[in-house]
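Just passing along the structure, written as C-alpha cells.
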C-alpha cells in the first residue's frame, strides 16, 4: 500500500508506459484478460476483437467429459446485472485441446479453466490440460458444488478448498490460479489457504449466488432456481474482496467483477489486483476488453506511471 | 412452499384482501415496514407519508449512549446502489425513549433497533428499550463489529451470534427480531442459530460490505474505506438469502434489500418472507413505502389471494 | 445428439459474412401507433443479411460508459434493408425498459449494434410454395423472407396474428410488397377473429408440398408445428429466447432438442426445423 | 457541541413550511451553452421558498418503476420562482449521469421533486451591506438572495467566478435584476483574470460591516471564509455535500463542526456560519 497516491507525476504518452505484467508466472502483454464463461473458447470473438490487443483470455470452464448445462431459462436480467445458471456446459478437456486451442491465432495467451465435482477429477483435468501446448496457465474454478460435501461449493469450506488445491498442485507444475467464490464470510482466509497450498495466484470474484423471481408466474426466473449475479452491480463487492485478499497474501490477484471500462479496471489495480478479467461486459460489447486494455495504459500515462503495474495497490487509505 | 402457484384464482378487490400479518408477535397493519437507518426516527417523514399507511417502521439503530458517526464522505453512489458508512451515529437509547417516541402520531407501530460493540451493552440496551411505551418489538442489528472478536461482525460468527441472542433474549420478553449480516457463507446456519436461541423472527439482509474507489484521487470514496452496499443491486442476493433462511427455520422472516416497488415486495413474500422493509428507496421517494403497501394488497387482490399473508412462500420451485 | 458447446459447421460461417460491432446512427425513428416502433439505422460497413438474421442493439454508443441498467443489449430481427445504402430497418414493440429506451431514440443518436447474427432462414427453393405465419414481435422476422421467396419465383401466403389491431405491426409493408396477406386478431378488431394458427389450418389442409415458416410466441409456433406435421408439411420456426450475447458465448439462449442436449438459438438458429425442438422444455 | 443525530429547532421548521413530494412538470428546458442548463418546473402545490433552499430532483415521475441507475435524486438549489405561478427555475451544470438525464428532460416530462428543503439563508437585516461570492454550480444558490437583499433595501455586490466564460452561469439574469456584478475567470475569457476570491479581497478590504455570502467549490468557500475573518466580517457559506435523502434521515451529508460532531448539511444547512465549519474535515 503506497502512501504517495496524491503526489502528481509528470504525464507520459501511452507508448512510454510499459503495460506488461506477470500473473503468477503467466507473462501477460497487458493486465486485461477476459473471464471464463464470458469469452467462449476465444474464436467466437474473431470478428470483433484482435485477441492480441488484450493480455489473454480464460476459456470456458472445462470438465473431463463434455457436458450439457441446465435447462432454460438460464439467464435473467437484474438491476445493473444479470443472473446465469449455465452450469457445466462445455466441450470437455480433450475436445478443447484437440479442436479449440489449434483454432486460435498465434500469440494469444490462453488460461484454461477447470472444474469438477470431485477432487480426483479436478486433478486429472489439471494434468491433461497442463501438458497441452498453448496453455499458459490453469485457473481452478472453486465455485462448483462438491458432491461429497453435500453440494457446498469447494470454495466455501477452507478445509475442502485446501484439499482441492493440494491435489491440483501435485498434478501440475503449470502456473496455477485459483478462482474464489464470493459466497463466503472471510475471503482473506480462503486466499491464505490457497497461498499456503502453493497456488501461484488468485482470481476473484466469481458470480454472487442470487435468485430472481417472476411475480406473474410466481416462479424463480431461472429453471435452476439459483444463479450467479454478475455485472456492474457486484463491482463494489468485488473491489472489497480484492482489497481484503490482497492484504492477506503475497501472491498476485486477478480482479474480476463488473468491469466495463478502463476506469473500472484501474479501481481493481489500485485495490491490489495485478491483472483483471472482463466478464459480462463482453456480452454488451464484444470489443470492450481491447478498449479497457488501451484505456488502462492511457490512464497510467496520464497519471505519470511508467509501468501499468506501478498502479497495483496504490489505493491511498491513510495507512489502514 | 406451496405447489399451487400456477392455479389461477378469482380476482378480488383490494378492499376484500386482508393485509394484516403477525411478525413474531408484532401485529402489523400490513407487511410493509421501513428499514433501520433509512427512516430516521419516523417524524422526518411527516410531510411525505401518513405513517398509518404502512405496517410500521424500524428506527435508526440505537446504542446506549448517543454517538457521532464516521467522518465524511459517508455515502457514495454505485450501479443501481449506494454505499454508506454512517456507522454509529444516533441519539442514544434514552433520548429516543424520552424525545423521539412521544413525538410520533398515535397508531404508528415502532420497532426499536439496537446495536453495540459488546454483548452486555446489547442486553442493557434491550432492557431499557423493551420497557418503553410504544415499542412494539426489538430488532437486534447483528452487523456490528464485535470488539472482543477483533472487529468481526457479531452476525458473522455463529458462536458469537448465539451468545448475543441468548443474552438479549434473557434481557427482554418483547418480540425479538434479529437482523442478519449478508456477509456470511451460510445464511441458513445463522438463521438456525437465532431460532435456537429464542428469536421471534429474522430480518435480512443488512447492507453488503463493499468498497468504491475514486480513480482520480486514488482513494476509497468513503472516508471509512469500507461501506455497506444497498439498493436494487443487492435485491437478487437478498432474495436468495431470504429463500435459503425461510427453508431453514420456522420463525417468520422480514425481507430487506433493494425494494422499490410492490412487485419487489411480492418477490420477497413469495420467497418466504412474512413482511418486508423498504430501505434505500425511502431516500429516492419518501412516500414510496405507502405505495408499496397499497400495491401489495392490489397484487394479492388481482391474483385472488384473500389475505396478503397467503402469498408467503408461494414460490413454485417444482418441489426443490 | 448435438455436441455440447460446439461451434456451427464451417459452411454456415462463410455464407453469412462477418458480423460487425459498430455504432449505428438513427436516421429515422417513428412510433407507428400503440407500442409499435420503427427505427432506421445507418450501419457503417453493412454488407447485407439473410432473412431471419438479427442484431443485438444497445440504446447508446458502444463506448458510452457506464452502461449499467438495463445491462444487456436487445435482440432484434433485421426487418429489411431498404435501398441498399447500408441502412437497415427494425420494427419492434415497446415492452420493458430496453425497448422503451430504443423507442425514445431520436434521429442522430447512436445505437450500439452487433450483427448480423444467426443463420437465418435457409434459401428458398426456386418455385417453392410457402406459408409464413407470424404473430406479435415475430412479424418482424418474416417480412424479408416473404419478399425474397416471391422474388425467387415462389408462391407466398402470409398470415399475421395479433391480439388486436393496435398490436399488429407492418401490415402496410406486406401489402405494398404485394404479398398475399390474411390477418387474424383475437378480438376481431382486424381481419378474422381468432388465432392465426386457425388460418394456417385452413391454408394448409393436408398440403404436404407447402413449407411453413413460423415466428411468434412459443405456443403459436408449437401449434404451427403441430398443424404442419399433421399435413406432412415441413416447418421452420424462428425462436425468440432471451439472449445475453447473441453470438454463442454466454450459452444463455439454449433450446432443448428432441435428439437430446441443447442448441444455441443465437448461433445454431434462430431458425430451426420445428421437428428438432423439444417444445415442452422451452421457457 | 452539536447533539448527535438531533432534529433542528422547532422554530425553523415552522418558518420554512412543509416540503412537498410531487411530480413536477417541465415547462421549459434550455441548454445555455457549454454544460449549463435551465429547467423551469411547474410544481403542484408550491408555496414559496427561502433563498438558499433546495430540492431533490429525480429524472422521471416518482412512481415510475424500476428506478435503478442512477439511483439517488440530485440536490439542486431553487434558482428563482418567476411569476408566482407555482413555477420554479433550476440552473445547473451537466456533470455526470444524473445531471445528463436532467439535461435531456423535455417539455411535458415529469421530474420527481422533494422540497423545498433546508433552512436557506437567514433573512437579511434591513439596509445590510452584502457581498455575494459564488463560483461554479454555487452561482445558482445566491441569485435569489441578492434579489431579496436588494428588495429589502440592502446594498449588494455580486462576485461570480468560473474557469472560463463557458463555465459561467446566469450572468444575464444578475444584470437584468440590476445587481452590481463583477466577474473573475481563471483563463481571463470573461471579466478579470484570476480567482473570484481575489475580487472578494478587493471588495472587502478590512470592512467588518459587510456580510459575506459564499457558495461554490469547497476551496473557494474556505478561502472566502478566511478573507472575511481577516476583515472581521461575518460569513455565511452554503455547502454542497453529496446527499442521498435531502431531509435528514440518511445522515450522509454530515459536515464536521469546529465545536465537535457534525451538522447535517441538508437539515441544519445548507447555509452555515463559516466559523462553525471544520474545513479540513470536509470531503
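Labels for the chains are A, B, C and D, by order of writing; each one numbers its residues from 1.
The working rule: contacts are C-beta pairs under 8 Å (C-beta built on N, C-alpha and C of every residue); 3 or more make two chains touch, one makes a residue touch a chain.
Just so you know, these numbers come straight off a predicted model, no measurement behind them.
Each step here moves to a touching chain, and the least such steps from chain B to chain C number 1. Each chain gets a centre from the mean of its Cα atoms; the one farthest from the centre of chain D is C. Put simply, the C-alpha centre of chain C and that of chain D have 53 angstrom between them. Each chain gets a centre from the mean of its Cα atoms; for chain A and chain B, those two points are 33 Å apart. Measuring from the averaged C-alpha position of chain A to that of chain C gives a distance of 35 Å. Of all residues in chain C, those touching 2 or more other chains are 66, 68-69, listed in ascending order. Residue positions 79-81, 231-233, 263 of chain A are each in touch with at least two other chains. If you draw each protein chain as a dot and join the dots that touch, every dot ends up joined to every other dot.
Residues 5-6, 78-81, 83, 156, 183-186, 208-213, 215, 217-220, 225-226, 229, 231-237, 239-240, 243, 258, 263, 266-267, 270-271, 299, 314-317, 320 of chain A are the ones that touch chain B when the two sit in their complex.
On the chain D side of its complex with chain B, the touching residues are 3-7, 18-21, 58, 62-63, 65-73, 112, 114, 241-256, 261-262, 281-283. In the complex of the two chains, the chain D residues touching chain C come out as 66, 68-69, 97. Within the complex formed with chain D, the residues of chain B that make contact are 37-40, 43-45, 47-48, 60, 66-69, 71-77, 79-82, 84, 86, 89-92, 223, 231-233, 260-261, 263, 280-288, 291. For chain A in complex with chain D, the touching residues are 79-80.
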